[in-house]
Every structure is written in structure tokens, then in C-alpha cells.
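As written, the chain order gives the labels A, B and C, with residue 1 at the start of each chain.
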Amino acid sequence: MFLKNIWYVAGWTTEFDAGDLAGRMIAGEPVVFFRKQDGTLNALPDRCPHRWAPLSKGRLEGDDLRCMYHGVKFDADGNCVEVPAQEKVSPQLCLQPYPVAEKHQWAWIWMGDPAMADPSTIPDCSYMDAPARRFKTGQLDYKAHHALVSDNLLDLSHVAFLHEKTLAAPPEGEPEDKKTGQSVGGAAGTRIETGVRYENWRVGDFGRAVVQAKSGGTGDVWSRLDYVVPGIFISRVATYPAGTAEKCDFGTPPADVEPLSDNISCQAVTPMTERTTRYFFSSGPRKADVTDEEADGMWKVASAAFDEDLDMIEAQQKIIDNHPANRMAWIDADKGPAMFRQLMAELMRKEGTPVEAFPPNRSASDTVARPDVVEAAE
Amino acid sequence: MFLKNIWYVAGWTTEFDAGDLAGRMIAGEPVVFFRKQDGTLNALPDRCPHRWAPLSKGRLEGDDLRCMYHGVKFDADGNCVEVPAQEKVSPQLCLQPYPVAEKHQWAWIWMGDPAMADPSTIPDCSYMDAPARRFKTGQLDYKAHHALVSDNLLDLSHVAFLHEKTLAAPPEGEPEDKKTGQSVGGAAGTRIETGVRYENWRVGDFGRAVVQAKSGGTGDVWSRLDYVVPGIFISRVATYPAGTAEKCDFGTPPADVEPLSDNISCQAVTPMTERTTRYFFSSGPRKADVTDEEADGMWKVASAAFDEDLDMIEAQQKIIDNHPANRMAWIDADKGPAMFRQLMAELMRKEGTPVEAFPPNRSASDTVARPDVVEAAE
Amino acid sequence: MFLKNIWYVAGWTTEFDAGDLAGRMIAGEPVVFFRKQDGTLNALPDRCPHRWAPLSKGRLEGDDLRCMYHGVKFDADGNCVEVPAQEKVSPQLCLQPYPVAEKHQWAWIWMGDPAMADPSTIPDCSYMDAPARRFKTGQLDYKAHHALVSDNLLDLSHVAFLHEKTLAAPPEGEPEDKKTGQSVGGAAGTRIETGVRYENWRVGDFGRAVVQAKSGGTGDVWSRLDYVVPGIFISRVATYPAGTAEKCDFGTPPADVEPLSDNISCQAVTPMTERTTRYFFSSGPRKADVTDEEADGMWKVASAAFDEDLDMIEAQQKIIDNHPANRMAWIDADKGPAMFRQLMAELMRKEGTPVEAFPPNRSASDTVARPDVVEAAE
């Protein structure tokens, strides 16, 4: 069971070409996407109401979509406009269209009540629209429940361990066994309206960020990471001249100071089924900060790290599925993931979706969420 | 659950060689076929009563079959005739043989009460025995419930859509978007005793039949298609001199008029399990009508069309299995398939097989059958 | 459900290298094995108590094991010794270590109550430690319940049939259809404390043992095969000078008579899951009896036979899983397997493990065990 009244990322806008019928699985529902002749993206259930053939195997006829099993035809709003060799058309033969929107490089879809779909509630991923970036995108399919993928992104304390050989690789000559910066770890999360925020300044010897200042580490690094429902990761990491953090009292960096380097990443976690999840990711360092070759190198490292996540999380899912339910044990770093799970549960409860189905474990008691700890933290 | 008291096609008679043990899955039961020394085909459960090893991994010893796990031996009637190093043989150690028959190129098996097995009730597929035909046969395994494959064959209105690029491919220069002949579509079905019949004359510009008259389309095309339980398709398409249809008052063509061309096809749909189905098909144009090369060409087109069916129906099955049960919507073309489903349901009810298990959907209410419409049509 | 308070073979001692983390599935539980710095083998659940990541993807740090998802660290006894960036460590964050022992070339693990783990109850497989043998080992993974593999080893009457072309292959020129020696067949089993014993002398024309006397068959062949819980096969086959059997009154061969040939085999059947089983096997003819080439040849034949077992048993498992439960039929050769199943059931009952889960069939009534016959035999 999935949260329905929410915008999900269905794909990159560039995935949906004119003339194509693109079948996707979103939150347990098969959906077919196509562009109308005016270029607008349209989405209908990918399941003909007649005998449940996939409409993505159908034929686009102008703005209409014909099922190519027995030829029943629908308009872009899902109304049946033709049944071959039949005069009257039954009102049962219709499809409920899904609200869609294209915004910030992504195609978004609303899986719940169309009347509630308001594109202004789409999370602000405008970082991806910024010019003068060396923008790269990718995606991966997980054989795991989306909550496990979200947990991962909500607690970056895992970087020092899972990604010790990629993102956290120490420079030559440095000792391996060093302390982890917990700055963006799950313990540092604070609730914002639609998710969890991680915000901090690392000053001085700030460890190794994915993007290091060209100046060689002599600056203050500011990072903000928002993770918002249903699974949108929006982050910026910027290096400022040394002293900036103190000058702005360790708050949001002042708008009039130019960062020495600046990198952004938006990512999205979209459930396909209860055990498959599509993960979209991007990176955008400023053109001024890195060469194309450097951006390629960073991207290779990030991609290798995403493969490490995939490998670990799919293994974790297998153990969860093979093991009788019981409670997972709590550590401080679970605070961020738990706040997010709690928020998701609230939203699901509000729309009547059973909450016990949310954690990828076998029973409701099987969750990491510790309301006492979470509440105390708020 | 499958209809039991009925003849199923187990395979082509040529599949069963002397000396071979052929394991097959028929209507949910593993069956082992072998020929006795006199050539008679014999069928026993492919499951040793001792420890359930497959007898198809056994050894034929004359007309006896020895299980090659622990060596228990059975005669062709399923009686245990030897337990190694044991004097008495328990009566539990026996197998109930299946009635089999070889008729019209096919090996048939009766899965129900042997006392009711009457070979004279095997559908008349004698078309396949006719001499002077360029006879071709093939088979395909579906990952789908047999009812979906039967639905497909009971409503050929799908040909114009699903097979638009193969069977329905328009000749060069003709417009693509033309009306479909509904003549053999599901809406035209009428009940016959053991199935549904589609019969019609197409006069004048009769569209594109799989076999077109050598005379170039100047004739009247008569076709009759019977689809009988549990899934036997028997069809003939013949072209007669223009005017023949009117002369015989659009009834059965007169026996004394030689058709200009004449093609037959027998096909069979045999459930293996609830989600696997074996599909046997054949084609037999008259030798006089087509050359070997032409027959090969027609066969290639038909085979490509069967692959299109397979692709669509397996996709349909996946959607059915992944989607919560609810009613499919009705179109007129469903009349034929619905009449057949209703007949199957009646036969299953009569022998005590649960009918709700028949449609490949998740609940009894999930079926296309509309008794009101069907009854009105009868 | 598996018997817990018993020693299972986890692998060959040589499988576990210093510095390695070896993940194994034993009796339904994921286990990680590693050697401490002093070389001692250690076993912990392969499931981090935090978020259930596999510890076999972790990092060995001295004798400690760090989970490489979020970095929680455990000592070899399973105590949590570090949570990154957290001061207090919750007592929930601990792992219950498994008792392990290395004995007779095998690593053994105790899956039940550690307080009951007594290495002196490990079955005596010291045959494998004997010097001057051409010792060979192998292993195979079955897609079948372990009980089916045990059944197979508890009734060697199957050798004459399943292995007619390998182990039982008749020499050139001999008739194929000869009587089977039932000497080690299931009918000959007698209960010993922890299992079933098969013991016999074959005198004169003793058929074909895997190892035949170099003297060409002029001796008496003595064999003893013990099959003990949870699935340990310990066998010795030795040829003595003709007359030895009579001299010792068909009892245990006298210690002061040197056998002409002597071969031993220890094998172990370890459940991984309810439908996967690991099978370990070995062979050790005396160096004096066979050359390396002869030992290789014998091993090839035995390996081919083990593949025949695998093929048959996996086929049997499929039929069992696809077929509605009902009783299997009894033959005399089932006596040995039934005695062993009965013993396993007793042990499971004693520790509170549901017995109906033991047979690989769908219900408790679906077992071959015939208490009347078994009891009468005791």
C-alpha cells in the first residue's frame, strides 16, 4: 500500500518522446504516458478496461489512444470514443486519467484524488534548472521496498562505512581509521513541514565532501539537505571563504558572498511495487568549479557509491523477507529516518492507507520508529 | 481447477516415439506417455506412488514401466508387478491409467472418470486427415491461463488490431485506416452443442483473408469456425466463384461446387497448469491452391501472428495477476468468448469442479460473462 | 522448522580462511563465520541487529566485526562495542553467538541453546582423519528439503536403479537384468542411539561395490553405514580374505586381520532453507589399494552418481510441491528412512519444534512413516 495523494517522480522529462507510449509502474499501478500533439504529457492507467490488455502496447492516434488488442479507443481524458463495429459505447469503458506535471526536469504524477492535485505542492527542485552547471543524471532500479532506500538517504552517516572506498576514500597517505563527520548523519535531522532537514557548517579540517573546494580545503563548507515526501532528496554543498560560517553566525550563508565552489543534487525515490523501487539521481557542480573531466570523475565515483547502496539494501531486504518479524534496534542515527517514517505514516493514516503496510517488515511492531525518542527530539 | 471429463489434446501423435517416456503436464496433472510394444499409446500418472519420483525418468521394460528411483515396476494398466527384494506387493502401489486415443493427428487424453471416456466424443478434426494438403503444424507455450488463450480464438475481431502488421497487413498502396470485417468477430458467435460457431459469407470486396483466392479476389469467401470444449478450434475458409453465396442463399456452400481455394486450420488449447497453456496449431491449404513456397510464406506470417498473441496475452495475464480483482467491461465482441465461458462453467459445475476457479481473475465476480447479454443473444 | 539442538556441518574447515567473512545459511538462519586472530572459528548471526544488514558484508577489525552499513561494531562474542558518534550503547544491540567446533575436517555449528552445546556429541567422523588415504571431498546444493536427501542416503537399494549406469554399471559382457543386493537397502536398517545402522557381510559373488578388492573379488566384503542425526553418513566398506566373514561369525571383522582393501566415506546433509540443502561428501580409499588415477576414476563415477541423485530428488520435490497432499505408499525399503524420520520427529518434539513441518509434504498425514511397521521392526 502506498501513499496516494502525493506527487511522485515518474521519470526525467526527456524519457517521454512524442509519439511514444511509455509504460511505467508507479506505486503499484501500471501507467501509460504519452505526449499529446501539443506536447503536453498525459497519463492513463496502463490497463484497458475491456480485457485488461496493456495500453502501452496500443496505438497513438492523434491525441487518442487505441488498445491494440480489440481496438477500443480512448481520448486523452480516458473517455471511450470508439468500440469497433459497435454503435453504443458503455460508460464502464472509461479510464480515470492521472494528473501529471513537468517541472524541474522531472515528470510528476499524482496517484490519488485528482481534485487534490495541486502542482504548486511539487517540491522545489529548481536547483536542477540552474544554468551554468555540469548537470548529470542517472537512475537505478532496486529490488527493495522504497522505505529502505529512503532510510539510506535520510542517514548519510552510512557514507563513512558503506562508501569508505568511494565517496569516503581517504587521500593518499592519510590514516584509514578516522572519525566520521556526523554532520549530515541521521542524528542531525530536524522536522520541516514536508520532511526532514540536515543543515550544517563544517569549518576548518572539514573532511572530504563529494565536491571539495578548488582552493584545497581552506574554506568553510555549508550543506543543506532536505528529504521530503514521498522521497525527494534536495541538497546543496557549497564552500565559502574561511570565516564565513562565523560571520553569519553558523546560519544560512549570506547571499552576497560568492561560494568558492557549489554543487547541488536532486534525487527521487519512487515505489514501483512493494519490492521494487526506481531511484533517480542528479549532480550539478558549477561549470566554473570543475572541468568536464573532473565532473565525469566525480560522477563515476558517485555511481559506484550508488551501486554500493543497491547491493547493501537489496541484501538487507532479503534478510528482512526471510526472517520472522521482530523489532530492529535503535541507534541515534535513526532519528532522521524515523521522523520521516512517522510523517509518511501520518499522511497515509490521513488518507486511509493502512500504515502497517508501510515499513518493509512483516508486522507493524517490526519498525524502527520510536515515537518517544522522536518526540523528545522535536 | 480444470474440467476433467473431457478429451484434451496431449500432443501431435508424432511426438510419442516407440521406446520413449514422454512427461507432460495436462490440466494440472503430470502424465507420462509411452507406446506399448504393439504401438498403442498409453498414459499413466507421472508420479510414482511410492515416493513420488517422476516415472518419465523411469525405464520401459516391454509394456511395463519401472520407476528408476527404487525400482518399483508397473504394468501398462498401472498395476504394480514388482517391488525389488519384496515378496508381497501392496495394493496401494498402483496407478490409475488415463484413457488415451489417437485421432486426427492428435493424441487425446481423458483426465476424468475413465468410465465416461468415449472416443466418439472427440471433436471432428478430420480436416487434418485430408490428403493433398500442404499441411503444417506448430506449437507454443503460454505463460497464461488457458481461458485467455481461448478468449483470443473466440473473438477474431482482434485480428485487425493485434495482427495489423501480419495477418491484416494491407497490400501496398492501400490506406491503413480501413473498416474491419467483423464477420468472424466474437459478436457473430452462435451456440452449438459443444461450443460456439462463427459462419459467414463475405461477398465482393471481402478484405484480406489469410488465404486469398488465386483468382485475385473475384470470388465469394465462405468461412466456418467452430470452437468447442475444452479448447478446440476447427476452421475452414474457402473461396467460391462469385455468385455462389447468393445461389445457396448464404447458407452452407453446395457440395457440388468446387471451391477456387480452400484452407483449413485445427488448433488446440490445452491447460498445463493454472498459468501455463500449450497451444497447438496447424494449417492445410490445398496443394492445388498454393506452391510450397507460398505455403511457407503463409506459415511464416501466421507464426508471427501467433507470437503477437502470445506477447499480448502474457502481458494481459500479468496485469490480471497484479491487479486487485474487479469487473472487466463488456463489448459486443465478447459475446462469443462469454458463451464459451458459460458453457465451460456449466460443464465444470456438472462434474463438481469449482467454477469460480475458471476465469483467470481473482474472484468469481471478476469475469466478463454477462448472462443477461448472453441469454438474450441465444 | 528445523531441529535446533544439534550439531550441523557448516562446511569443510578449509572453507574458512583467516580474514574472511563467510556468510552461510544454516537451518533457516543466516550465519557469518570468521576466524579470530588466534585462528579459532567464530559464528554470529549474519544480520546486524540495527537495520538487518548482512554482517558478512562487514569488516573484520582484529577479533571484532564492524557492520559496514552504519558502522556498528561487535566483538567476537556478539557484544556491541561501538556505535559511531554515539556515547551509550543499547543492550538491544547485541548478537547471540553460535557455538562452533572444528572436528574431523568439518566445521560444526550448534543452532539451538548454547548451554546444551557439547562438542563431545559430534558424530565420530574420524575416518576422515585417517592418514595414508587418497582423500577427496566435494559438495552439492540441492533445491529440495533435506529430508528427501536423507531418505536417499538411508536406502541404498536405489543404487541399482538410479545409479545403474554409474555405481551399478555392470562390467562388459554381464547381463543387465540381475538381482540387486539389498544388503545396504533401507529394509536392512536397525536403530542405533542417534540414527540407523546398516551392517553386513557379502560373501562370494558379492556384486559390485564401489571399491572392489584388488584381488579381483575373491574376498568377503564387510560394510557398515551409520546415518545419524541430523544427517551424517559414516560408512566403511572393506574386503577381507575369503572366509573372514565365517571366521568372525558374520560379526564385526576381527581387528587383527588386515583388509585387502578399505574405503571410507563421510557425508553430511545440512538444511539451508526449507527447500535448499547443502550436501557434503568425501571418499578415502587407502593409498595402498588404489593409485591416484584409480582414485580419480572412482571419484568421477561417484560424482556422476551424486548428480543423478540431485536430478531425481529435485524432480521429486517439484512433484511433491505441485501435488495436493496425500499419503505416499510404503515398501519394505522405507524401513530405514522411516526409522530416521521417526527419530528426527522425536527430537523435534522434545525441543518444541513443530513436527508437522518436518516431512517435505504438505501435511502431517502426508508422510511415509508407518509407526506400526517401524515399531514392529525395533
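Methods note: a residue touches a chain if its C-beta (ideal position, glycine included) is under 8 Å from a C-beta of that chain, and two chains touch if they have at least 3 such contacts.
Since we're looking at a predicted model, the values are computed, not measured.
Undergrad: Looking at where chain A touches chain C, is over half of the residue numbers used by both copies, so same, or under half, so different?
TA: Chain A and chain C contact each other through largely non-matching residue numbers.
Undergrad: For the two copies chain A and chain B, what rotation in degrees overlays their C-alpha atoms? Round to the nearest 5.
TA: Going from chain A to chain B via C-alpha fit gives 120 degrees.
Undergrad: List the centre-to-centre spacing of chain A and chain C in whole Å, with centres computed as mean CA coordinates.
TA: Here chain A and chain C have centroids separated by 48 Å.
Undergrad: Tell me, which residues of chain A touch at least two other chains?
TA: In chain A, no residue touches at least two other chains, as defined above.
Undergrad: So in the complex, which bits of chain B are touching chain A?
TA: 151, 155, 157-158, 160-162, 164, 180, 182, 185, 187, 311-312, 315-316, 319-320, 322-323, 327-334, 368
Undergrad: Using the touch definition up top, name the residues of chain C that touch chain A in the complex.
TA: Going through chain C, the ones touching chain A are 28, 30, 46-47, 49-54, 57, 66-72, 83-86, 90, 92-93, 273.
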